[in-house]
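By written order: A, B, C and D. Residues from 1 in each chain.
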Amino acid sequence: MSRNGVTADEVMAVEAARRLRDGTVCFVGIGLPSIAANLARHTHAPECVLIYESGTIGAKPAELPLSIGDGELAETADAVVPVPELFAYWLQGRRMDVAFLGAAQIDRHGNLNSTVIGDYGAPRVRLPGAGGAPESALSARDVFVMLRHSQRAFVERLDFTSSVGENVRVVITDLGILEPRDGELTLVALHPGVAVEEPIAATGWPLKVADDLRETPPPTDAELTVLRGLRTKGQDDSRH
Amino acid sequence: MSRNGVTADEVMAVEAARRLRDGTVCFVGIGLPSIAANLARHTHAPECVLIYESGTIGAKPAELPLSIGDGELAETADAVVPVPELFAYWLQGRRMDVAFLGAAQIDRHGNLNSTVIGDYGAPRVRLPGAGGAPESALSARDVFVMLRHSQRAFVERLDFTSSVGENVRVVITDLGILEPRDGELTLVALHPGVAVEEPIAATGWPLKVADDLRETPPPTDAELTVLRGLRTKGQDDSRH
Amino acid sequence: MAEIVPLGEAIARLVHDGDAVALEGFTHLIPHAAGHELIRQGRRDLTLIRMTPDVVYDQLIGMGCAEKLVFSWGGNPGVGSLHRFRDAVENGWPAPLELEEHSHAGMAAAYAAGAANLPFGVLRGYRGGDLPARTRVATITCPFTGEELAAVPAQRPDVGIVHAQQADRHGNVQLWGITGVQKETVLASTRAIATVEEVVDELEPRPGAVVLPGWVLDAVSPAPFGAHPSYAHGYYERDNDFYVAWDAISRDRDRFQSWMERHVLGTGDVTQYRASLAQEAAAA
Amino acid sequence: MAEIVPLGEAIARLVHDGDAVALEGFTHLIPHAAGHELIRQGRRDLTLIRMTPDVVYDQLIGMGCAEKLVFSWGGNPGVGSLHRFRDAVENGWPAPLELEEHSHAGMAAAYAAGAANLPFGVLRGYRGGDLPARTRVATITCPFTGEELAAVPAQRPDVGIVHAQQADRHGNVQLWGITGVQKETVLASTRAIATVEEVVDELEPRPGAVVLPGWVLDAVSPAPFGAHPSYAHGYYERDNDFYVAWDAISRDRDRFQSWMERHVLGTGDVTQYRASLAQEAAAA
């Protein structure tokens, strides 16, 4: 899906990158979060610190990694620490400013499900599981969620709560931006060319819309140039 | 003090070294334990593994270290680990076959005092403290104590219990060897030329003497040659 | 002191049916060759432990070796689902798979507790979600502050298996690059096996390396390319195409079984396994 | 992000009277220059924390900077007693010194807990001796096995100070050789200072190194020879003669005070301190 020649992934990556300040310490996974953090590092936030679950602190990959354990992350990192140390000293030690999370489902409180669709004991779809999400959601100062908007994903009730939403500051979707207002995720911005009815229709609960609903500024040519330069170095499909 | 041209320290070091088998993993401090373990490594137990509190695992110093943190220990070690890891994974993890301990006082159960002489709150002599001893005494398979025999050191009642004696297998003194028999340290051997009255007089409790009291074989020329070769490389005074 | 022995012998001697086995590796240095040897030797009723079970655990599960999985993230990194894992959980094929599910932080704390010979690990975690009701986690109260934290039972595998770049002739092992939770796995386990890319005369100290002295290992087995399709930093790259291809191979039960029969059961070691893959690629 | 600032400025800005301060170092890389600066600036009522307080803590105690000492072994390694420490404990000179005494294992677990933002650390220890009645330790019960273990309160210093070989111009710090408990000290502390032998353009990765990113430090201060009489692996050796000489210098209150006045209070930084020692040696 593309509007004005800009894909949904590109809008999401740019919106996420813009929220990272220079020096922000980010706990990133593979895919869009990694793209966004590297975009920030190559534009306005050169000192943005990237930490991957594999223990690489301050990774500076020239090409986008395909997995959180890519060799280039270790080679370019300031330090590579054992995984138990990463979770104990660096995540639980509250050294992470921002953690990016994705999920299969989100509810209006920012709680996430990445565990099962259906009943835990007899699931319809067994998902990979929570991985680093539960403690990222608790110990990072700010949690940024990146997730495509759909009724399947934005649900009234999670099938399973893998991580809690108390630190979720923003949800970046392919249609717009949600932020918690009075304890409930509220649509605060629409991406260029998106009508307000689209995210409302793609949300499984009655989505609140902010009075001051704004439009996200479109990706600039400079942002797109850097972003596409990054992307072409990796592969097309780099989900995690 | 020297008998037959052999010093008390030499007899103690040789007796301790003889008790280390090839491949024994030893937790050693500076001074006599370090000398003994290095003597073993240079004679019958070349694969004896030396671990110092500073985190050096498998140190193979060519010269005797003057402190547990000497650079040569790090340079010759198989691995240097952080101090918290050393105590958690390697000592508490029960990787140490033998821990050497010294002390200011010992009682008949092998309990040791390295904390204070007098009352803890108003001590006559404030000693350095227990350091690594309490958990060495609990987590090493076997504890070897090396301590010069005197009424001040071998006491009826410790001023303070710094570490417990349950794993003490042998006490090597300048006069002989004590081992636990029926829960009480018992004189089982005398060094060459020592009369049984000497350790009895130098012990602050009625010292039990084993029926099968034996004499320790004197240091061999080979042992003394290696030992004196080791000693001359270091300095004369290397207490810890 | 570790003996340097062929992998088949190490597995035969040290891993028994019903054992709890951890083959660890965080994307890097995943002990595939050892996993294949478990399959060849027909181990059954294993409790498989790993933070990030991926393709080799999919293979073990699909071949019916596992009774239980202890894990925190089970997927095909960069690709998607593990179809054999899903088939076992969703449909009980080839056998039901009991799950003990944790978070990464919980698994890491549990391994560290095991390595430290503690019965439990403590962390700030497992709060607020649905996982605590489904797994082994308890609340523990700080005796100084009264704060409540999570406790997880220590991981103490019967056998820990890791892959490393090098061993020396005394069985000392060195791995470098991303070292994950491998040291903890070895130290937490009752028995430990390391497979290595090569045996060298002397281990050259390297930045960021983990050294496992031979005396904490029971066996060291040469297995060049033994991490494939994972990678060995300094030796070979990750075979990303294989991970993508695995999605299709593993999606269908019959195709999975014939692939395993051809490339794993039909081969005797990692060299033959690679030759078999190469032969198939050449024929395509 | 750490600022690279002169040591005097770092201490003035980051260490306050009454703070709990850990200057860590396990024989190697002991931050003497930073300790001297605390003395020059006349800090008072400090709680000094360190596993192995040695000469620099003897100096701080003897100069009346400390109100309390948290420690596990307080001696002059290879030599004997710390006379100023003993005088404070035994005679209350120059002021009484409150003690919180632990074992090494307990201190290490407490620092690790602090670095991990946990309120307590757990260990198998403190069992059977007289120390538990004299220090802060509690019993904690494993919620899975019922076993009783020791819990120690986390160390969370107000300020952690370490000495390292190198920093780069971004304030990233690297130390190597025996790295002790320094990483934990920095990460457990509210504020952190690293003194370094030199500032280099780029940190070359080294075997066994600990890297502290600049963003976990508040200040990095150049202090060449800043560990003396301790050593800096790759830079200079331990001054063993100094440790021996300290025994006589520190044994007598007057001699101690005049030594401190001449070499520490009478100098402005580590360069002047070394010149002062050299001048005295040349005159002898």
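FYI, contacts are C-beta pairs under 8 Å (C-beta built on N, C-alpha and C of every residue); 3 or more make two chains touch, one makes a residue touch a chain.
Since we're looking at a predicted model, the values are computed, not measured.
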item: Contact-graph distance - origin chain C, target chain D; value: 1
item: Pair with more cross-chain C-beta pairs in contact, given B-D and A-D; value: B-D
item: Averaged-CA centre spacing for the pair chain C and chain A, given as whole angstrom; value: 28
item: Whole-Å separation of chain centres (CA-atom averages), chain A against chain D; value: 41
item: Distance between chain centroids, defined by C-alpha means - chain A, chain B (Å); value: 57
item: Multi-chain contact sites of chain A, meaning residues that touch two or more partners; value: 79, 88, 92, 139
item: Junction residues of chain C, two or more chains touched; value: 112, 117-118, 123-124, 183-184, 208, 210
item: Which pairs of chains touch, using the document's own definition; value: A-C, A-D, B-C, B-D, C-D
item: Complex contacts: residues of chain C adjacent to chain A; value: 26-28, 51-52, 71-75, 77-82, 85-86, 89-90, 101, 103-106, 108-109, 111-112, 123-131, 134, 177-181, 183-184, 208, 210, 231, 233, 237-238, 240, 244
item: In the complex, chain C residues that touch chain B; value: 1, 112, 115-118, 170, 172, 183-184, 187, 210-211, 213, 215-216
item: Touch list for chain B against partner chain D, complex; value: 30, 53-56, 66-71, 73-74, 79-80, 82-84, 86-88, 91-92, 111, 115, 120, 123-126, 128-135, 138-139, 160-164, 166, 235, 237-240
item: For the chain A and chain D complex, residues of the former touching the latter; value: 23, 25, 47, 49, 57-58, 78-79, 88-89, 92-95, 139
item: Interfacial residue positions of chain C with respect to chain D in the complex; value: 117-120, 122-124, 136, 138-140, 142-145, 147, 149, 151, 153, 205-209
